[in-house]
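What follows is a set of structures to go through.
Next, two complexes with chain A in common: one pairs it with chain B, the other with chain C.
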Partner chain A sequence: MTRALALDPRTSADKSQKRRSQMTAALALKLERERRREAQMAESSALKKIVVVDDHELVLNSTVEALKQQYADAQITTAQTAASALAQIAQTQPDVAVVDLALPEQAGQTSRPETGLHLLRTLMQQYPTLNIVVQSANAKSLVRLKPAINAHEGGFIIADKSLSLKEMLTKVEWAMQGLVFTPKEMRTGLEIKPEWLEVLRLAFQEGLQDKAIAERMSVAERTVRHYWTQVQDALGVYPDTGKNNRIQTEIRAREEGLID
Partner chain B sequence: MALFQLEKRPTATELSSHYFALASLSSFVISVLLISVLVGLAVFHWQTQQALRWWFEQQHQWLCREAEQVRNGPLQETFVMRRQLEMNPNETLGKPLSQHPTWMAQVTQLNGQLVRLSDELSPPYLETSLPLAIQAWAQEAELPGMPGMLGMPGVPGLMLCLPNCWHPEPPARVSLILSMLTYLMRLSMETADLPTAMSLALSQQAGWGGRGVGVLEVRLDYATTAIAAAVGRSLNLQPLIRTFQVLAPGRCIQRQRQQRLIWQFRWRLLPDSSAP
Partner chain C sequence: MQKRQQLWTTLQREWHIWKSGARLGLAVIGLVALLRLTGGLQVLEWLALDTLLRLRPAEPADEHILIVGIDEDDIQAVGRYPIPDGQLAALIETLQAGQPAAIALDLYRDLPQEPGSADLAALFRTMPNLFGIEKVRGAAIAAPADLPDAQVGFSDLSTDLDGKLRRSALGAYNADQSEFRLSLALRLAERFLSERGISVAQGIRDPYAMRFGRAELPRTQPNTGGYRQLQPFEVETMLLFRSGRQPFERVTMRQVLAGQVESERVRDRLVLIGVVSPSVRDTFNSVATVTGVPAIPAGTIAGVEAHAHATSQIIQAALAGRPLLRDWSEPLEYAWLILWGVLGIGLGRFLVRPAAILAGLGLGIVTLLGLCFGLLLAGWWVPLVPALLAFFLNGAGLTAALFYRHQQDLKWQLRDRQYVIDHTFNAIHSGPLQTLSRLLSKTRSGDLPPDQWESMLAHLNRELRTVYDSVRKEILTEDGSLYLSEEQALDLNGPFEEALYEVYAYTLARDFDCFKTLKFCVTTFDPLETTGLTLEHKRELCRFFEESLCNVGKYAVGATQLEVVCKQEDGNNVIRVTDNGRGLESEKPSKSAPGSQDLGGRGTQIAESIAYQLGGKFQRESILPCGTRCELKWNPGKIRFGV
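Take a look at the complex of A and B:
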């Protein structure tokens, strides 16, 4: 290479010029993509509707402030009791509900985790596709709702109140994407349902896409996506920068011996 | 004459029958007294057990309420403090910006301590699952810096063998089982010879009348049979065994198999529980 450069400096200059122009074009393309993505985010943020439920006024305000940082134009409404939360959600039909666990049923009553659990059970029954983030100081009691969480088709994220602001906002974003996240200790053993195994087999052994998987399994494509989020939660696969979620799922599924 | 006839000396047969009547009367009285005393003791014992169980239940509920107070009060305050620091790093109560990371670290530490305190008062999963509660207890016990617990240097890892599903248990009993494990492990770690391997297994066995029996077995292996025997003798676990017997209610059996010491806790499961 050095020899060629020495022999023909003009060719070398041409090559570096070409490389520079390629890099500039790539950078411009990247910037354009970023601009489009930001525009899309702003557009989607403007349309977002969020309901925040917490009995502590200061906590409620802090959470709203934090969400406004990420979703500046979103319509954020609040509720401090289980009853008002149900009313707000029925009225606004939000994209995501951020719910505390210890809540009073009505104003003036004592906050109890059982009330929050009951509210979540009702929400999952009445709004099967609602995205929910449970933000609680004692999220472990949610293990009681495990069967309902598994059956829920919307996003369901358990976010401990000790999470940092950045982590909490990431979890809200995951919920909006319809993902499921439960703490590791809540997943004792690897509980895999037969339909999840079928999705893994069809995707990674037959190479089918979601639409084809849905046709083969005689279910809606949305249900296939729901199976993906469930199996990814069971395998502990969550969005990670620079990593492909489906490939990560395949790797973990092979590690666990779920597919050959 | 008539008086003389009345004062006639009783015959030997009459005396004998009187004697036997008196003897049987006194033995009857003694038996009644003995039975009364035994019944009284049994009633007293039963009432004492009931009172102790009531007291333990009250204590358990009180601790749960305290834990809820911590979770609803100071923990929420630290959440707000943390968010304020995260969202307004330039306005940290008039303190220089350079102190911001220190404040954040302190708030995070305070938050962690409050979580630990609330979990100490009312351990996680008490009301939901015994296996999960034991798993959470083991994770906490194996943390370094817990004096006399499993995170000490030289202590082998605790092997857990827990079922995925378990029957509903009264939260007070789950709390008692965790307390038993804590004391048992703490006492074992205080001996001169540490175990070489430790395991804990939870299982269910069939019991009388179709009711299942919960069995929790703690096994500690030592280097030699002699060391295991010495440790077994040195541990004064009789109060712990009696406490479990009364409060669970159940049984705790200690035995040795070669270099292994075994403690088996057994209790009857709730009647409405179904097999896992």
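Take a look at the complex of A and C:
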């Protein structure tokens, strides 16, 4: 702007007049666009929607309290049974669902991990991009969901119930970013899907960017990004301040012999 | 819950059995009815009637009838046949002296037989109680010329298609349909009864029937009783033969002429004169009664005897209330048939043990025979054969079906036993035997410290002890679980790829040497098409998958990568396990020997068995540069049922 104004005296009056008005318009447009984006972002953060599902009212309340502190403007809804959880999620279309594994199907029935497993299975089927945080005391019972989790395209975080509140909130944040986290005891060695291997090869051996990788693999770019989060989970690479995730991933992949 | 479901399945199965059983039973009833309607059972019903008639208890000789039978000796004494009219006139005069109710001459005298025809003609004209015969059907034979028309009865007897006599004609139009004639039996009965104040009248139940007092003579119809499409004389009734060896008193012509027959034996009686010599063909087939004449072959009676029976049944019915032979209405007959058919079906329904059904069958048949016999004694001819047929076919048919079912049960039991044996071996093979083989190979290579020895043996001990429990759980509960180990139960009712994944996760966590060198596994667990897969199929597929992974753990020496694929490829379900290990050629299970007793052989056996059941293909092959690929592929649309 300053430069444009400085240039002004050196141009002809007519021309400069025209130019100035053009530039002012462009600037105004740009400013307007930026303002709108900011407003949008503020709005979206304000309208974060979270559904919390837990059969214990105490646990439910403490989770909701913690989430409220973190996301002051978030719209938080709760459910205590699998059936009402499905209804709530269908209604609010949340950004993230925090689900306890032991749940009753209907109010008054006993809580069973099978019900939670079934709920998760249904959620992943109906909302392939839903971000999910599973609270569970025993991650082993989730092993059988692994094929479904691998096929899921949204964030999927398994949070141990013994996690501190702060760690739990981090996990929720990860989930909102679409990350995948599965605890160690759910794994038997390094297990990866053929698609992930392909992403690693195209990125680190052919140096392709996500967009090119997506084209080569005939999938959406966001799918490629999700493959990244999944393979990063398999390799144990999680967001860490001061570290570059992609580089960390390449290092780990070479260590494990996934790429030569 | 499970109990209720079992009950439900049982009910459903029973319903199916009974539905088909009852349908078959009703079809049998319908078939028997059809057979009867088309006349297919006619002959059998005649025979049944004859048999039952013969079985009746003997009746005393009819006190109202005397037969003068001209036998072979009489003919020899006279010296010629036909008997001359003079002889007959003498005979009739002698008899008339005894004051009989009537005398019937059952001999054709359309032509005079000299000598003495004038004497006989005079008797014909003057004796109002002397009856003669004519023949109205077929080649007609005229009555004696001098006999008044009211004293002429026809002697035609209606025999059935099998040549046997069961009916008695009472009235018929003569050959040219010009005149309605009455039978000799009816004439005699009418004469005899009118003297006792009982005259012939119109029937009450059937206005076209004849009636003597309370005795209405039931008319034989085309479909009477067991008859089908019968063409009876105009008025006819069934013949309820007088039973017993000596239904009528009988004397010979010689005895009469010699004065040996006291007048008491003649007085007020109907005297029938006829030939009873086999040399004269005047006999009729009948197995329902027996002839009183020794010379006449069994199964036949003399014509004069037949007329005596026909006359006797009318007189006895009118005077003594002796029953006449009647039949049921058609609806009642078929209701009876259906009743017995349904009883036959009921046998199988209410009795389960074949022996009980046989007993029930016997009891039912005896009851049916007894009922039919009792009803016959009361004068009812009820359909025995159709009812018997429907009852027996349904009862015995169901018995046979039960025997068949019993045999099927036996087959299933054998199958189940084989299944238990296989199951047990599978459980031993995938657990303790694997540990044992590991122990063996370590011992051979000598790198087993003593402390590990003990821990491995303890492990083996534990594994062996859990075999029983896990097998029992799998077989008895049928709850859709597969027990990988004591504490690891797999839900086979959920998504199948999840179950396979659990097998994968469980197996890879096991302590196999070759798993230790693995750097990573490339896995694909996509949903498989599971329609048509039974729990047992799924269980065996899991076992196969477990076995394939175990083989990698045991034989894929130096493997760094493992590729596991469970997905659909071109409409086929594929389970594939590929490793890049060197393998141990010597220990590698051979494809060509499925019956061999080594561990891999057992695995191959499982694989080939499940591949066969699913109509799929099993392959195990080495790949280059090194590694083994084990693959099971099947088309979900081609699963064999009930193998």
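Rule of thumb we're sticking to: the second predicted complex is superposed on the first by the 216 of 260 C-alpha atoms of A that agree within 3 Å, B and C clash if a C-alpha of one lies under 4 Å from a C-alpha of the other, contacts with A are read in each partner's own complex, and residues count from 1 in each chain.
Here is the rule we use: a residue touches a chain if its C-beta (ideal position, glycine included) is under 8 Å from a C-beta of that chain, and two chains touch if they have at least 3 such contacts.
On a predicted model such as this, the values are computed, not experimentally measured, just so you know.
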Next item on the list: Put chain B and chain C onto chain A via the superposition and say whether they clash or fit.
Entry: clash
Next item on the list: Check whether A:121 is in contact with chain B, with chain C, with both or with neither, and answer first, second, both or neither.
Entry: second
Next item on the list: Look at A:252 in the shared chain and tell me whether it touches chain B only, chain C only, both, or neither; answer first, second, both or neither.
Entry: neither
Checklist line | Partner with the higher number of touched chain A residues, chain C or chain B | finding: B
Next item on the list: Go through the superposed model and pick first if A:59 touches only chain B, second if only chain C, both, or neither.
Entry: first
Note to self: With both complexes overlaid on chain A, does A:201 touch chain B (first), chain C (second), both or neither?
What the structure shows: neither
Next item on the list: Tell me which partner A:141 touches in the superposition: chain B (first), chain C (second), both or neither.
Entry: first
Next item on the list: Would you sort A:193 into first (chain B), second (chain C), both or neither based on which partner it touches?
Entry: second
Next item on the list: Tell me which partner A:49 touches in the superposition: chain B (first), chain C (second), both or neither.
Entry: neither
Check: Considering 350-358, 458-466 or 584-592, which region of chain C has C-alpha atoms that clash with chain B after the structures are aligned on chain A?
Finding: 458-466
Notebook entry, point to check: What residues on chain A does chain C touch that chain B touches too?
Noted result: 143-144, 188-189, 191
Checklist line | Residue ranges of chain B touching chain A (in the complex, touch as defined) | finding: 68, 71-72, 75-77, 79-80, 82-84, 86-87, 108, 111-112, 115, 118, 124-125, 127-129, 131-132, 135-136, 139, 162, 164
Item checked: Touching residues (chain side chain A, partner chain B) in the complex -> 56, 58-59, 62-63, 65-66, 69, 102, 111, 113, 137-138, 140-141, 143-144, 161-162, 164-165, 185-186, 188-189, 191
Notebook entry, point to check: What residues on chain C touch chain A, complex-wise?
Noted result: 491, 494-495, 497-499, 501-502, 504-505, 508-509, 515, 518-526, 560
Item checked: chain A residues within the chain C interface of the complex -> 121, 143-148, 150-151, 188-194, 197, 256-258
